[in-house]
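Here subunit A shows up in two complexes: once beside subunit B, once beside subunit C.
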Partner chain A sequence: MDYLAQTAVLLAGLFPKLVAGFLVTLGIAAAAVPLALLFGLLLLAPRMDRRAFICAPTIGFIELMRNTPLLVQIYLIYFGLPLLGFYPSEFACGVAGIALQHGAFLVETYRGAIETISQRQWDAARAIGMGRFKAFRHVILPQAILKILGPLGNQVIVLTKDTSLVSAIGVMELTMTGKMAIERSAVSVEIFVTVALFYLVLTTALGGAARLIEHRAAGRH
Partner chain B sequence: MFDVLIGNLTYLLRGAVMTLWLAVAVVTLGTLLGAGIGILAAVGNRIIRGTITAYIFILRGIPVLVVMFLGYYAFPALGLRVNTYVAVGFAQIVYVGAFTAEIVRSAILSVHPEQIAAAKSLGMRRTAILREVILPQAIRIAIPPLLNNALTAIKQTSYASVVGAWELTYAAREVVERTLASFQIFLGVMAIYFAICYPLSLLARWCEKRLMATH
Partner chain C sequence: MSSRREFISQASGVMAGAGLVLAQAQPATAQQATQAAGRSKLDEVRARGKIIVGVTSEAPPFGFVDDKGELVGFDIDVAKLIAKATFGDETKIELFKQGFATRWPNAQNGTIDFGIMVTTVYADRALQVAFTRPYIDSGIVVVVKKDSPIRMIADLNKPEYTVAHLTAPVQEERGKRLYPNAKFLTFDAISSQFNAVKLGRATAAQLDAPVALYYIKDNPDIRILDEWLTDVTGNAVFLRPDDFKWWLFLDTVVAEMLGGSLWSAYKTAYKKWFGIEPRHARAVQTTNKG
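Presenting the complex of A and B:
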């Protein structure tokens, strides 16, 4: 058999395994995205609080998350929590690590969007008798969401690519599946090119979906 | 409680020096490569532009860890024997280059076309327009995102440990395997990364503010 046919046969044999790994990758992303969005929202109020004893520790935590590698954060959770008596699964540790770091990036995205909406809008909403919450809910938030959609789409794509790091703690997702397959066979580059293609298809689809949502939302206003 | 960390600090700091070397190599070479490609993408003909668009699109859609594995396995497959640092570093340079190219290209394209028309009407040549009109403005726009790009690249050097390159994160795992003091060691390592990354992060934000103020 020539090289092409041989490689094709090998990759076809591996395909079900790679698809299984791909589904785990999807699962990690699907669990981490809503958690990261939520975690970012939870940090928003303390981050924007004017009292130093509330906002200073929040800023400290956010900066620590943003300025250290995600891999080390995942290791800290995975190898550190058992010392404290918790034994979560590899999957849960990976999802938690990803959600924590991306949540810390998202707070700043949220804050940036809220702060670019001019103070005059706040003043106008307050002047017609809206309370702080009502002004936020009906005036600031709808505009902020429009501004956030673009960066949010990007963040989801970065997060999806970051799921590959969970392979470092032994979760059998796409990257890990590729690595294991290489250790058992003679071809290596071909397998990782296939793995890369899986990721490329996923991120391209996500990018397309993000643009579509952004376009729709912009059209409605 | 933290004497394990203090006892192993010299070993970890040796890892940090390796991380710094890796970071300096990846950031300088990746930025230079990306800047060249980004300029080519803005001025080149259709074939060059298409090729560069494909390069940027493909690399940006793949996790850097997968690109590192590809680099690690590609050299031996091509019959070349290189050490892990070269293979992983090369992969990361190509990766950082794609992100840099996109930043540089969009910075160049954000310079208003009327300025180019004005420069042409003054009789300036293409290279002179690029050098004296476009690039000075584009560089100012590109600096903050390039700094953030460098920051991401520095953090990503830790992923090289997964492929087998010895640096700070790899050293930390070794120490943890020996001492089992995972919490203390990884917290200490996070502090070292923070000390490297945070000043750059502040610099990026300062440049962003200055740029906003001048516009």
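Presenting the complex of A and C:
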């Protein structure tokens, strides 16, 4: 009982700090998710372009972003940009790193979903007189969005967990707050479990929201 | 308090796994046998023909794994010097990697003959283990860029300056006390702190003095402020508290390294890791500052 009481006191004292860290984590995710979605969309057209001189460099860039560790990218952005004379804040560097990598994953998610729509759908749309854009807008896109929603929810959850990596460049988010508290109190397991619970609450909520949106969208048809 | 400790030690024991338990079991049993016979570690070590030394592999330049995968460092070199002083052969040594928290029980229960792993001498620690005299000076220093306008610690106390700290809370507390107006940046790795200064992310960083020397060896664009953040402290060899014969031998060896018959070997090792010559304990005693 002694142990439980002591742990409860310690964690209660820590709670405001962890909440502050949690808000920073939320902020990073809230900034990185729309940026990643947008970045993915911007790269979609060049990625699906049939001309090699457009498509090949895009693929190269996407593979580079997907196949190197996010932590290394964050370090490169944070410690590399000063070499070029730029000093963006650690928050901005972290958000940019996360958005770039997850955006690269999202391009492939978008593309995969669009390519699963049968060629016949295109043909049929064109046959009834739709132009290329109109066919995409009214026939392909509504079907593709349904297929994107599932993987998109996954990606957002992975992204949220990846925000912990920006602790490496000194952003006082949830994980970093936990690390500081551990250094101060030498209590490790209990604090890490608490930090994990914070993430769990957030990702569970995101997962639930994603499923809800998916159901609603599916029910429309 | 005790129930919590028990919980933690049980939990960490389970996680540590069987490998570690096995690795530690053997020397411990051997030690218990000698303890029962009332012999000194010195006799035990000489009979065994090698020394078992507790070291770290996580603190460059004191103990770390190099590009070739070998455990090297200044502490490792000093341990080898002690092996050489004992057996005339620096290879008569077994390096026992241990965590910082387990160094005390391992020294007390005889799992290791002595430990040498960036261990600062503090009076309360000396209640738990015996220390030889320090084999190297330490303390916390401030590093800045060579062309930085910062001359003293007080110069940092302006909002336009940023200081890189390690997650260790003592660094932040020092910062709040000595330069409260500066901005703080906190990293979880010493190398990130150093890089922050090198790449202009931070004006200054708090580092252990020997670590700062080690980094500066390859980074001439960085300098150490003359004014230190702490008093000079000492890193020392630690061992069981109740073995006078063994302590006397080790302390004698350390004394000989610092300014006696083992000086040149010690100096070579020091220069290799820190790029500068150590102070001779006898010849230049009067220049001792701090």
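Here are a few things to note about the model shown:
The definition used in the following text is that the second predicted complex is superposed on the first by the 219 of 221 C-alpha atoms of A that agree within 3 Å, B and C clash if a C-alpha of one lies under 4 Å from a C-alpha of the other, contacts with A are read in each partner's own complex, and residues count from 1 in each chain.
Keep this in mind: a contact is a pair of C-beta atoms (placed from the backbone, for glycine too) under 8 Å apart; a residue touches a chain by one contact, two chains touch by 3 or more.
Quantities reported herein were computed from a predicted structural model and do not represent experimental measurements.
Shared-chain residue A:Thr204: touches subunit B; no touch with subunit C.
When the two structures are aligned on the shared chain, A:Lys147 is found in touch with neither subunit B nor subunit C. In the superposition on chain A, contact of A:Arg184 is made with subunit C only, not with subunit B.
Once the two complexes are laid over each other on the shared chain, residue contacts for A:Ala168 go to subunit B and to subunit C alike. Put simply, more of the residues of subunit A are touched by B, taking subunit B and subunit C as the two choices. Contacts of A:Thr7 after superposition: subunit C is touched, whereas subunit B is not reached.
In the superposition on chain A, A:Val193 makes contact with subunit B only, while subunit C stays out of contact range. Of the two partner chains, subunit B and subunit C are each touched by A:Leu83. Contacts of A:Asn67 after superposition on the shared chain: subunit B is touched, whereas subunit C is not. Where the contact sets of subunit A with subunit B and with subunit C meet, they give residues 79, 82-83, 167-168, 179, 189.
Every residue of subunit A that touches subunit B in the complex is listed here, in rising order: 63-64, 66-73, 75-76, 79-80, 82-84, 161-165, 167-168, 175, 178-179, 182, 188-189, 192-193, 195-196, 199-200, 203-204, 207.
Residues 58, 60-67, 69-70, 73-74, 76-77, 151, 155-159, 161-162, 169, 172-173, 176, 182-183, 186-187, 189-190, 193-194, 197-198, 201 of subunit B are the ones touching subunit A in the complex.
In the complex of the two chains, the subunit A residues touching subunit C come out as 1-3, 6-7, 78-79, 82-83, 87, 90, 167-170, 172, 176, 179-180, 183-184, 189. Taken in their complex, subunit C has these residues touching subunit A: 1-4, 7-8, 11, 164, 167-169, 185-189, 192, 195-196, 199-201.
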